[in-house]
Each structure stands twice: as C-alpha cells, then as structure tokens.
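Okay, so subunit A shows up in both of these, paired with subunit B first and subunit C after.
After this line comes the complex of A and B, so read on.
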C-alpha cells in the first residue's frame, strides 16, 4: 500500500472513514471506474459514527425537502442490505411524542407539509399512542407517527461498507492523520503522517473534524460539535416496538437512551449530572425503565452544520474538492453516497443537490478560517 | 460526604493508602464495591515474604486480616457495597450503594481498583466448569466449594502454578498444564518442583471444550497431535491487566506498557495521574507483587497529602524516597524497569503533567 505513493495518482482520496466517508468509498467503488483511497486518522467509526443511537429518522426532518432526502435514504437501506449484508436495519416506525394538547396544531401542520413529499404522518391521540406502544407514559398528550423511521447497527453498517469497498479495490490507510492538503498543477497532494498521497479529487468526510480539514483547503466549514450522552440498560425482554423520542431498544434487548446536547468541544467524557437527567427524562416517557439497570454510558460528538441541514457537493471555487458533512450521517449515508458518486462520475445527480451546497453560507459574514 | 482524601478500592493498596493518609492526619473515606474490604488478597492462601518494613511475612489472607483490623481501629470511614459509577461536571466522584447515587467531595482522590484477569477464548469457553484461575481460587479458599475433580490449567505463569498447587492440595487432580509457548513461564522453582508430577504440554492450545450442560472433555492441539482428556474443570490463567474504568471516567491519560500488564494510566513519580486530583496505587499502576502494591499505596497517600497541603514538599519527598528505594528492592526487575520507563515518559510528555492550583 505504501509503495508507489509518491508517483501514483488516485482518482479520488476520501478523508474520514465514518459512515459518510465509508459509504461514499463503497458507492464510488461499485462503479469500478475509480482508484480510491480512504484515509482515517484512527479506525473506521472511531468517532461520531460509532457513538450514536443510530436512528434512521425521517418524519420530523424539516423543511420537507430534507425529510424527502431522508426518506430516499431509508428506502435505499432496504436494498443496500441485500448488496452488502445484514446491518440490522429495521423500519420500526417512529413515535415523536408531544406533551401538550396545544402542540397538536404544530403536529398537524408537520403532517400536512411532509405529506406533500410523500411522507405519511399520523397524528395520534394519547390512547392511540398507548395502544401502539403500551410502555409509554399516559402523561403524553399525543404523538406524530410515521412508518418511515427506524434504526440500524452502525458497527455492522460501516464494517460492511468497508468490506465491500475493499473487495471492489478501495485502498485504505487507517491510523494515519492528514496533516495538510495542497493543490499542485490540478492534483491534490494529501500529506499524511505516513507520506504524501496524490489524487485528482479529494472528499472531506471528517465529521466533527471538518472545520480543521476545511482549513487545509482555505475553506470555512460552518459546523458545530455537540456532545450527546447515551445510557445503555441491561438487556431487557423486548417491550419497545418503535423508535420513540430519545429511546430505542436494540435487537439484543438493551435500551439506548439519549437526549442531551452540550457544546463542550471534542470532549467525550460522560458526566453524572447529565446521566441522571437523561435517566429522569427516560423514566418520564417510559415509566418501566425505572426498574432497569444502566450498565454503561458513553458520549458521542455530533457534528451539526450551522443551519442544521446537510452540506455536501463540490466545494465552491476549488475544482475537484468535495465536502460531505451532516448531522444525520446514519440516516443519510445511503443517499449521500449514491448522490456523491453520481456527481463525481456522471457529473450530474438524479436529485437536485444545489440546496445542500456549501455555497449557501457564502453570504455569512466573513469567517476566520 | 466530604473528606480530605477519597480512596476508591479497599484492597491491599487502598487500605495501605488509607492507613498512611490517616496516620499523617487526613480525614479519609475508603469505598469498595464488595461487601468486605480486602480485595483479592482475601483468597490468597500462599505465603508472602517479600513485604515492606512493618509487615510480618504470612499467608495472604492473614496479611489482609491484620490490615483490616488496623483499618477498623482507625478513623478511616469505610463504605463497603459502594461503587464509583461516574464523575460530576465539577470533578466530584459519584458513588452508588445500589439505591442512591451521591457525590463525595474530596480534595484528592486515590484510585486503587486493582486488576482483572484476562480470559482466553476457545469454542466451549462459556460452558460451566470453564473459569479463570482466580475464580477457582475464590471458590476453594473463600467459598469452600470444590469447582471440580479433574482439571487442566491453561497457562504456566506463577499464578497458574499457585492456583494449581492450591487445587491439588484440595484433592483436585491436575491432569495437565497447557502452554502456548515452548517452555514453562513460572519463575518459582519451588512451586514448579511441587507440581513436577503434572505433565506440561508446551506449544499447545485448546481446540474445544465439550460437554452437556457442563465441561466433560477438552481437546488440545499439541505438537504430538490432538490430545483429548475427560475433565470437569478448565482453569484459565492468562495474566492480569489493570482495571481502567475509574481512570477513564476521571479523564486520565493511558499508555501501553507490556510489562505492566498492557494499558495503564500514565503517572509521575508521585503516582499522580494526568488528572492532578487523582493518584494511583496498587495493581492498577502496573501488575506487580504484594510488597510493591502496599508501597504504592503509601506513596500515593503521601503525594495526595502533599497535593492538598497536609504534608509539605520536603517531608513528602523524604517519605516518598524511602518507599521508592524499598520498592525497587522488592519489585521484579522487568516490572520495575517498565515502571521507571513509564514515569520517564510522563516527564518527557509534550504537554507536561499540569500542576494544580
């Protein structure tokens, strides 16, 4: 792998092997046209993608064109599983509870908007929710419900992406940090701890480290790092059927619980204050959890673009340089991998992706890079 | 709850730290998740002679009995059945008794969680009757339960021979030692001699353990071909590794040192971790023998008291030096060298260990 790196020019170098980078590597490799290199400073999903509740969440993503993109990704996952293997994708249906009757109007408006793009949402009464999911507290007033929502096992998904990508000839360089990126006579020179790699195209898929990667190209990537702390219960008898606001039960019976949002930089500690608050909120929604033992807690650093919406596509002003960074990487990896592949290899995409361009931030007041 | 020093883990290192800190006048809280203090020394029936000044050579459970007696005669507040489960944002350690979770406010913490055994995985390893050597030792020496009648021991390190000897003394037939390497790794000639009737299969690995509901036989791959014997007990002695969770929770930096048991928290000559309020003692600071374990407890306590101003730097330095010299004499050379390397690397670290205010 290390040989030739001085002279060889890859068609595409992808930086970051989380769910987004791995998906792009796999989808590009499927076309068998590109020589691809996937680099990660650590190992696949050592960052955000490996520390998530791993929802494939569709129905409350607004505006509705963002919901639509999420829905297409959910659609693709079902087919993807047939191609790369079982990553425990389950379209459980998702319940987003609301606690005040006053929120019902908002819920109805959401259902109307999402309905326009084909996302069917039911606005449920308290009794309807309890009938679907008896473990939910009667304190709720109602919920929005959609069949589109679900979850998957991110460890399997990324592993399978990488395995399939390698089978298609993608080369990987893990535990290798990128230190700088230069464009020389149209070719990107990606300097790493283990030498320089050259590529005609480069894709930044660094998740929470996107800002640093952007700097190397002189581009400001407007994302924030937001910590979430997640509790895991002991394996419990299956009692939660749906993916519900903050809570879901995995195949092996553990319940994953998470609500918190803290801006503390890249600090992956857990704190008892937040763990206790999280537990209280979970018991409030699912009272039976009061009896469950928590066996583990972990935190993950979400990456959230400043306007909350995904950023992907070519970086304006730098031909051959691309970015893909988004909060819901687990939800969107299938569609983003597909669209990025179309963009690079075909030059056009089957969906209009101009809304997701980094360009939309160009009127922001000048940011320090 | 408030104290000058909170000590997590009431094994030999934790108790030694607690008694030392108390002797110098500190208010000490000592917690342990078990129902009793004493840690793993409670089931060690072998003789320990390489002990620090002030300790009479004796079998492990007598050594700890004496320590526990001193502990309960002291002003140290001991809380058994209390587990450290996290840290609050302000750095306070959170403890639970199974019902309530609450913070303990201490000016310094000494973490002495000890070590855990490394298992070895092979088909059938989850069958009842397959256990670590330490588990077998708890059964015979603490619970008075015979875990089997015919056993094999996987591994030939000192602990494997220690436990094999104790099982043998209880009437268990040790059929064989199974060793991956080309020779026995146990360095204790007397122990080896006492068990010289037991065959040692070197360059051998377990292929599978089988049985209905429990272990009934084991197949072993050896240079002479496959060997199969009927056993009802398979003990695994694959070494120990420091317990790291409390250090991860407290955001202490880790480093890898093979001779200290693998991943281990980074610390300086004061046994201070990269979190300046946390000191380390015992096997968590590197797998070693009882003598050095007791001394690290004392050193950590002295440093913690220096950190919070109960001891001044000069006295602390004198007391520490004394114990480091003694430790060097008692400790296995390879372990001691690895410890020195670790301490040296903490000095040359890019961002030096931060001094707390």
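After this line comes the complex of A and C, so read on.
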C-alpha cells in the first residue's frame, strides 16, 4: 500500500515496471537520494520483458556507436549480478549465421566497423562455425562471431531489480493503470485507477505502450509495435554452447527458438503459420532439433522506435519529464538504468547520450498525437 | 494441506512457493508462473491450473470465478518440431527475419546517412 498519496510529492515516478523501468528504479534507488514510486498497469513480466528469448546481444548492432552502448551494458551485467543476485547471465559468445558466400564481404565490413569501437568480430568459415558449435547445419556458408553476446533469465533479472529497489525504499503500485498525467505548478500529477500521485520528475518506461503515455503529456512517441513468436522445446541435454541468431538453450535445457516480426498491434496470439515457419528455420539451422518436442509457443509485443535506435533522456520542452523506450531492453537495461540515474541525480552523464534523445525526431513532419 | 505439498508436479512447486509469490503481489496464475516456473513444464498447467487458482482465491479472499485461468497456447500436447515444419519448404517470404541480414541492411543505410 502506497501511503499519503494525496499530499506526498515523490522525487520521481516511473511508469512501467518492465526491465527498463525496474532497472531505472533500482539504479536510482541505489543513490539513496530519491523517494521513488514505480507504477505498472499490470504485474512485472506480464508484458514484453516476460516474453523474450532474452539475448544480451551486441555484435551486430549498428551503427557501431549503438553496438558500443550494448557492449557497455553487457560489461555491466557481470557486476550487476554480484550486487542484486543470480539472473543466469552467461556471456556465451554469439553466432550470427549467413547462408550465402556472397554475404562474406558484408560480414567483413561489419567486423571492420564494429572493430573501431572495440567489438571484436570474427568472420568464420563454415568449418570454423561447425568446430565451435557442431550442432549447426553444414548448409550455412559462415557466420559472424563475437565473445560479447550472451543471454540471461529475464524473470530472474526483473524480479531481482524490483526486490533490490524495494529494499532501497522504492514504493511499488502494481495492477494500477495510469489514466492521465498533468503538470500543475511544476509538479506532475499522475492520475491512476487508485488515486493521484505527485512527483517532481516522471519517467515514461512503458515499452510498447509508450505511445499512449506520451499522449498524456502531449508528446508523440515514434515507436511501432511488433509481435515476435517463440517456440520452446522440452528440456534437452546441454548441446548448444553459444547464443545463435534465432536459437538459444536455457540453463534448464529448454531451447528457445524464433525471430519473427509482424505488425499486428497489441495482438499477442500465436499463429500456426508462423510457428511452422519458425520450426523450419530452426531445423535448417540446427537439424537435430527436428526430433525435439515443442511444449509451448508464446509471443510478445516488441517496441521498435521508428529509426530502430533506443530513445532515452529528457523529453524536450517538458522539464522533469523523461523517457526510456527501446527494442533491446534486456540487452540495454543495465547501461540505461545507470545513465538515466546520472542524468536525473547528477545532471550529466558519463557517456554522451544526445544521439538517443527524442529530439532527433523533431524534424519529422508534424504528427497527430 | 501441508505448505510443502507439491502443486505443480512437472516443476515441483509447492504451496509455500505459490503463497510467497502472492505475498509479493502476484494475482494471476501467469504472474505466479513467471516468478516460480509453476505450470511451465511438459503438462503446461493442465494439472496445477485449478489448485493454483484455488490457492489465489483463498489467499486473496476473492471468488474463484474471478481468478482467470492461465493463457493457453498451442500445442495442446507436445509435438515434434519436425512434424510442425513438415510441408514448409522455406521461410524466405515469411515474417521470419535474420539477425545477420538485419545488421548488414541497417548498417548500409545508416552508414550512408551518417557520411
């Protein structure tokens, strides 16, 4: 129960308790300076952060400065795990296969660009891939490989962020939808199903629901909703060592498969046609999977900014309002939580984040919100 | 029943673990599933669905009919991946993307713009 909701003014109200919102709540709370409220319309992990393969994926993120940001986040996860507990982070190394020998030149160009920011990529031949990961099909032509990529358990990560945040005094209000946000004499009034909360700062971390939250502040948030469908096998003995573009094996032995993208709004159904195509993709890539049993399919709504790149920082024109929305929240939560905390509490960030500002969309033709 | 009574046989989750999740704010079967793995095993909640709903109803003093069932998904019973893929020749024209393909396409566009 959140107390004194009519009179109390929080230092910061975070809307959205997915991996991005809960990371910001935890990292802010670590400084012990802010009184923080974390609000969610549902329960943590009920949305995008709970329906993902949870790769921490670095090497093929372009332009290379976006790859660099992802690399720093991967770097932080190892330390974060020491602070908040085991979320099964494994820097397995990542393999992104290609099927045509003609793609090798593009792979070499990618390796050159990413190498400039310290992301070492090896462009492998078919035999080199098979030597690393014998289960991969000899039908591939080669792959890009980097030691930076890996994966984690998203359920553990978000639960541990919230547990640590609560321990540091963050108040949580779940199953409580925000219905409007008004700024009155410099203070944000966040109206919810369970009353009004006041805050000096407000952070929108709504993932695919960011557009609706932006509207409440009169701001257009340029993101698309994209459905991804994923298949899960029964637990299999460990046989995949690396995180492979499209497939990875969990600590429990289940293999998660899928890399589909459909624009169908908030529709989270799974469909037989995409499940079948996903099954074909998996068998073409790892033939032994043909004999594995699928126990479930699931889908999640990804959020993809219109230019594909993360959006985080201040909302231009509204002092005290911030946004953090990105496709790869699982990869980026550690660095984004860190940088947003620096921005709010210190007023400056250790990395230049101007490239990630919502401002970059201001030259788009005026859009109806 | 004892707190140690197993509710989810596949993942061996007991009453105490389910009550702890509810204590932490979980209100639906799926909330509990994501915290505990209850219902994530081979039977996909066919056995534990109603016992868990009853625990939620009792613990939160809510009528059982107001506790939603877990989200049910295909397949109804485990099915071999090979059987699912049968008849699908390729996925080039489908909604399945390629990690490598995306990085080099995006890279080309964005590197050109940044020059």
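As a convention for this text, the second predicted complex is superposed on the first by the 366 of 369 C-alpha atoms of A that agree within 3 Å, B and C clash if a C-alpha of one lies under 4 Å from a C-alpha of the other, contacts with A are read in each partner's own complex, and residues count from 1 in each chain.
Keep this in mind: a contact is a pair of C-beta atoms (placed from the backbone, for glycine too) under 8 Å apart; a residue touches a chain by one contact, two chains touch by 3 or more.
The structure displayed is predicted, hence computed values, not measured ones.
Aligning the two structures on subunit A places subunit B and subunit C in clashing positions. When the shared chain is aligned, subunit B and subunit C each come close enough to touch A:272. In the superposed model, A:282 makes contact with subunit C only, not with subunit B. Number of subunit A residues touched is higher for C, counting subunit B against subunit C. Once the two complexes are overlaid on the shared chain, A:200 sits clear of subunit B and of subunit C alike.
Shared-chain residue A:97: touches subunit C; no touch with subunit B.
When the two structures are aligned on the shared chain, A:308 is found in touch with subunit C, with no touch to subunit B. Once the two complexes are overlaid on the shared chain, A:125 sits clear of subunit B and of subunit C alike. Superposing the two complexes on chain A places one region of subunit B into the space of subunit C, and among 73-81, 181-189 or 253-261 that region is 253-261. When the two complexes are superposed on chain A, the residues of subunit A that touch both subunit B and subunit C are 270, 272-276, 297. Residues of subunit B touching subunit A in their complex: 85-89, 94, 101, 103, 249, 251.
Interface residues of subunit C, counted against subunit A in their complex, comprise 25-28, 30-31, 34-35, 40-42, 44, 73-75, 78-82, 84-85, 87-91, 94-104, 106-107, 110-111, 114. Residues of subunit A that touch subunit B in their complex: 269-276, 297.
Here subunit A touches subunit C in the complex through residues 43, 45-46, 50, 57, 60-63, 96-98, 103, 106-107, 109-110, 113, 143-144, 155, 159, 172, 174-175, 231, 233-234, 245-246, 257, 259-262, 270, 272-284, 289-298, 308, going by the rule given at the top.
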